């Protein structure tokens, strides 16, 4: 069929005015207050390809630290293009013996893929407290359901690298040790609600910089 | 395992910059326009424990009125901390003979717990119009599905107290009598769409302050 | 039951202050940036009946064009009253031989009702690529699942009119031809990712005003 | 690019085994119990084009009745193809003077398009009870937010026809009169919760076949 | 308006056949496997008023135990009527000194109302680990966002009673101590992922019945 | 605090009976019909750690084919553990010159991370048809919004490997070429709805095994 210049292109386009149209995506305008569903959208006219890609996970994180691990995030705050799209990702580098301490993600499930090395990972179910443990090698994947405590450990002899995706733009991160010991949560209260010995609590508060 | 001062605490925290991070909760900034998912969030730096608690349901409502009942709400407008969290609550005080007139909640289901007294409650299903009635005593609970007409009556000899929770921050409230008689809904239209006698309509408009 | 003036009306109303209350609806304030859940709400005090009705689909669209068809939308951008309500609609006019070219709606399913004429419509499933075709006459309806390619053709001898509703305020619209040929998508890339001949690509880019 | 026979087609298809694949749609298997998200899906191998189209709205409903109106539904029960797709539709025929009595849809918003005639329609907001009324002519549309009482009346001199879409597969239907008078809702309770006169209640129970 | 016997009642009812109609609610059929959205629905013909009320929270729980507290649930498993309705509730009895140990609800936010006594409650935010503490008296309410660790303690001199509602039919329950010590989570792993001393771990495993 | 054997463990556990408890996760029972929200859950008593991990993405896919690429999925059908968790993943192997042809995912957004090699990727927006292109190197990520056409090409000189996550358990896959040419979509219809030349259509139908 013969289509003359420009006729076709204007038919539908003109009927769908630019303003208020683009909700294919909603690149976060981080300068505005977020809402429960995410950030307001940046004007589409200011959106470029660079908003949909991110280079920040390309470099190995610095694992020269006590847990011999690093987590490099690409959540909405770092990668505004994921705003409203229900997906995000972080990079995990674990040196030999490295540990991602026990933690939860209140807002989404996690899917881990091992790129290098060997990782021992696990989570605990609620109510029945069943422990689900797996040793994961290169190319293996594991899923950690939303809100349940889980961890990863480099159980191999070489550095490990993994990527963890989440089914939400920001799953949240609650590290159990930090919640208990790295703030001003009164020691006697921590003792009452966890049955941990006061000495244990004070010790970990001491090393994590907690007070009270 | 020995953890030197401050090392651990900065590892993960620094990787998750404060800005754009906190979506654990979203205390409503009521000064900004709401969105379909709720209000924009107040800055986390301005959030305190007081944002998550509310004292307004502590006092008995004033039941010295015609329905001998009072409803005291803690929805998003009164309790901004529930914004985005999918939950809210109201306090119901019913004096002897008190009545919460027939109404619906367009946006959420209701779960009532009786604290004192005896309450006769019920709802009507859609399509088939089955009436589900229960007499509830202290400690009993009843659920009223979203959008269906329901009511509560104090059917005992003492004042009744109950709390009603909703699975949303603001379930809406449509009192059937108010929708029909407490506005400028033209009498002849009300008659046509409800088959209520004009005299009945005018009478109730008169007492409720409706016009037209 | 006798109800004195004004007593009843103030009981519940006063307990539900106007501000922050009305989330029955959320007429879009198109002057503000949208969020993933829709636009911020216009102040309820400025909302009138006119916000909930729209006259723009009353006139037949201009089908004197190459596809002999017109689509007149009432999505959130044109009809702000649908904001947050999960529904929208467009009017389709197809002259004899008219065609709505192959397209998808990334964000919602479509339900078409034929008002006049005869329409041949179809969609293709994902993974298995099954083609589902139907010839629809006056009063017939057809549903097109979210995100799947579909089309409508006037297969009769008289003009056709249909309305297509969507289960979302703005389903998006991706016309396959426009995505391939009506922009600056490099010809060699289009060839690589679709296996279409370069000559075919250049031809359609030429007529649709695409470049590169 | 030259593509030999069959090579390409098997690459991706084989990697996506048929079983468990098709969630593009989920045609309802009405012989199985529904779940909160809809019905279980019929086997894709048994799905045909006929599952996605429906002829039941093609005929004018019988309006020779007391309300001089008819509603012909294409919800999930009648049109299993909409299961899981978030959309459904009904046909409204209103003879001269016809009325769709005051009702709500607990589960979804409604979008009405007038095909023939003139319809006076309106809804009432919750909390503040504002009445939003419009007179709609051919081609006009109006939206009725989820859960709010609304009605339609043929306010013209000729029969009226309209289609009403919903942003859900089954929005529910609660006709206020039926909920109050067309069941065994005890008269004294109706009186207490609506303030309608006992005589009025008995009269309407009488005509609608209610008891008690 | 005069309405003859039965005419009106059949108009709309007949057009909405009983089967497949009732999705106002979906009382759980606990004999069938659940789905991600809840349980399949019990046949509406077998649903009675008793499905929507529950008496199990009327009695004080037995607090003669080590934590001097009891939690009595009315989640979907105990109260099938809440299935699909997005709401549930539990009763909390705390004797003097009673404690609900540190825990999370992976699937929903919690809203607590104090009925008797004085409760000290708090939660910790993710990422920044801010502790939000409040002392709650009779009639006070507090909200605990989904997935975050929280606790309640009876900080008064008399028994405390509270009800906690959730914006979901089953929010899940992960008690941190149980997840760490009341199963076969290997001690050396617990030590690695929490930095708790082996002695502390073994001690609490011992008292909670954990192994390994 | 001293905790005697077993006392604590039974307090809360007994109050939360096993049945109907586990909705932390919902491992798919693929032998049962799916529902719009996913598959029914396998009994928790039959769930093991192996349900949460998957080894199928560990091996490089076979790229000795015409597109010099392979996609290995871990969606719900292959990895039942992701059922209800809102996440899934696939492995992409692209040999030199390899191509993932233009396609969409109707049900979810995609987040790609490049593990090896160089990938040129892009998507096209709806309505305005803007092309967003990026060249991605090792460690780079890119997001492709739900429902929009996109592609990936190995633009480097070595094999490329990437993982693509989705914010849903099965995002669907519609390959545009397959939808047009690899089925029995009548040639004349394809011509009418895409304006592709009949010769082009017949050619690609020929190589893809399409008919009609």
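Order as written gives the chain letters A, B, C, D, E and F; numbering starts at 1 within each chain.
Everything that follows uses one rule, which is that contacts are C-beta pairs under 8 Å (C-beta built on N, C-alpha and C of every residue); 3 or more make two chains touch, one makes a residue touch a chain.
Every value quoted in this text rests on a predicted model; they were computed, and no experiment measured them.
J.: Work out which chains are contact partners of both chain A and chain F.
T.: In this structure, the chains that contact chain F and also chain A are C, E.
J.: Over half shared or under half: which fits the residue numbers at the contact of copies chain B and chain C, same or different?
T.: Different, since under half the interface numbering is common to both chains.
J.: Starting from the mean Cα coordinates of chain B and chain E, work out the distance between those two points in Å.
T.: Computed value for the inter-centroid distance: 20 Å.
J.: Could you tell me the distance, in whole angstrom, between the mean C-alpha positions of chain D and chain F?
T.: About 34 Å, centre to centre.
J.: Quick check: how many Å separate the C-alpha centres of chain A and chain E?
T.: Taking the average C-alpha coordinate of chain A and of chain E, the gap between them is 26 Å.
J.: At least two partner chains per residue is the criterion; list those residues in chain A.
T.: Residues 1, 3, 13, 16, 21, 24, 32, 35-37, 39, 106-107, 122, 125-127, 133, 145-148, 172-173, 175, 178, 182, 192, 195, 204, 207 of chain A each touch two or more of the other chains.
J.: Which pairs of chains touch each other?
T.: A-B, A-C, A-E, A-F, B-C, B-D, B-E, C-D, C-F, D-E, D-F, E-F
J.: Of all residues in chain C, which touch chain A in the complex?
T.: 28, 30, 32-37, 39, 61, 65-67, 69-73, 75-78, 106-107, 170, 172-173, 175, 178, 182, 204, 206-209
J.: Give every residue of chain E touching chain B within the complex, in rising order.
T.: Contacts found on chain E: 1, 3, 13, 16, 18, 21-22, 24-25, 44, 48-50, 52-55, 57-59, 74, 79, 81-82, 85-89, 91, 108-111, 113, 115, 122-123, 125-128, 132-134, 136-148, 163, 165-168, 191-192, 195.
J.: Spell out the residues on chain F that touch chain E in their complex, using ranges where they run on.
T.: Touching chain E: residues 1-9, 11-13, 15-17, 19-21, 23-24, 26, 29, 32, 35-43, 83-84 of chain F.
J.: Under the definition above, what is the set of chain B residues touching chain D in their complex?
T.: So the residues of chain B touching chain D come out as 99-102, 104-107, 120, 122, 124, 126-127, 129-131, 133, 145-149, 151, 153, 172-180, 182-185, 189, 192-197, 200, 203-204, 207.
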